[in-house]
Amino acid sequence: MEVGARVDIGDPQPTSPSSTPSPTRLPNRARAGANAITPDIFSLMHYQRTGDRYIVRFESGEPVVEPLLEWLAANKIGYASLTGLGAVREAKVSYWNGETRQYEAHALDEQMEIVSFVGNATLKEGAPFLHIHVTLGRRDLSIIGGHFNGGVVHPNLELIVAQGKEAVARGLDEACGLWVMQLHERS
Amino acid sequence: MEVGARVDIGDPQPTSPSSTPSPTRLPNRARAGANAITPDIFSLMHYQRTGDRYIVRFESGEPVVEPLLEWLAANKIGYASLTGLGAVREAKVSYWNGETRQYEAHALDEQMEIVSFVGNATLKEGAPFLHIHVTLGRRDLSIIGGHFNGGVVHPNLELIVAQGKEAVARGLDEACGLWVMQLHERS
Amino acid sequence: MEVGARVDIGDPQPTSPSSTPSPTRLPNRARAGANAITPDIFSLMHYQRTGDRYIVRFESGEPVVEPLLEWLAANKIGYASLTGLGAVREAKVSYWNGETRQYEAHALDEQMEIVSFVGNATLKEGAPFLHIHVTLGRRDLSIIGGHFNGGVVHPNLELIVAQGKEAVARGLDEACGLWVMQLHERS
């Protein structure tokens, strides 16, 4: 482990609302699980709609995952692609181990650029579900990254959320143990 | 070479269909070239259209390039931007050497996150052509990447394919030896 | 600093037109500041509109930031998201230091893939403003990156510029010293 991070193995699919005890459509922040990243402030995401896209901004001290899940539910967004850039002062990032079929989560406690943020929002068992990967930039310009479990923004995070016309639900793929997008057509 | 990969120099522009012996619009998978990555299974990409975009998913064991080229041809997509995330268990990634004007291809044989997948689909001599760059995440969260020549998905790859209204053709730029997009306007 | 780059600390928000002495809407290239990257040629960006998006291509020897700012002004684009891939033969990339609240700029003088290019175009004091992050790929496939201050394309850079229906202005956030997007709604 080269990244100077604490490593805690496990925590599969932690961007799912079901990783909190109460996977309701509008989870109460107070019910966030013991492993949740603790924000400084209650989130008040800034956003603006343009066509089928939303421009979204998070402020310093805001977490990313929980407010975004709530906002997706409140805006009834059943599918969206996500792209963005910004910076965090801490983050949790995972690697999916093909042998154990488990995510290995790394808590990163340092100021880092979010150099790329690529993902999507779908529905898992009726509730918003996030799948996001990030590259994070360190002071020497080196880059680390992987599956994004969450983080605390500092000073800024800017996203484009491009909504689809229909919701996309995920179903459990027994072969890999992951929830995968259920799409209508096959080539 | 820090990445523990086998290195085989050469293989310029290998994401083009013309790198296989028969660059037809719907190449027969059985005719794939000797350097092609061998998939476990015949590809059955999952997809769904939403507006001018397609949501696309590849399953474990599927290659990326050949099925995507076939699907682009079958859906008569003459231009699209591509963005995505997922994971591969092997990949071929290249660096373009400005002195030799050749791609240097690296075969990477390990389970890696696709942390970013950014590219486009155009037409080269009438057939679909892919230009894709990837960052790949390793178990220690370190990132490697470059020009994507192909890979075998495991367990999942999710793309957004945003189709343009008109096809974009590529033409050979003699100065750099690459096929570049022919666009109508200049600033 | 592992990247073999010259380091010059400072240069906050250098992708802003105001980092040149004359932040007019259509800055004269001859007035570019002393720290500007010097292109080989006057820029003649290639582009083509498709729906609400522009496909844009830069040629070898072209800088990225100044021509893009001029083109945004000429096309009256008050908001757009930017995504792309390509390669540069030199670039300037920064890390935002949370303690000093300053960008630390690194001049990188080598041929590198632009593996991801994610950003947006907004307005700052009425003039186009760019916020872009890049991952850059080196010959050994290692990746460096961060906040993109500019670079010289070689041999090619391909962008998708997705225009919004309304302009988005930036305002100074006193707390972090950065200009942040002013969006109409809050969750």
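Every chain is named by a letter (A, B and C) in the order it is written, and numbering of its residues begins at 1.
Just so we're on the same page, a contact is a pair of C-beta atoms (placed from the backbone, for glycine too) under 8 Å apart; a residue touches a chain by one contact, two chains touch by 3 or more.
Source: prediction; values computed, not measured.
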item: Interface residue overlap between copies subunit B and subunit C, same or different (over half shared); value: different
item: Turn needed to bring subunit A onto subunit B - CA fit, degrees, nearest 5; value: 120
item: Interchain centroid distance [CA atoms averaged], subunit B/subunit C, Å; value: 26
item: Where subunit A touches two or more other chains at once, by residue number; value: 83, 116, 118, 135, 143
item: Footprint of subunit B on subunit C - complex, ascending; value: 43-51, 53, 55-57, 59-60, 67, 70-71, 74, 83-85, 87, 89, 111, 113-118, 135, 137-143, 154-156, 158, 160
item: Touch list for subunit C against partner subunit A, complex; value: 1-3, 5, 52, 79, 81, 83, 93, 95-98, 104, 106, 116, 118-120, 131-135, 143-147, 162, 164-166, 168, 173, 175-176, 178, 180-181, 183-187
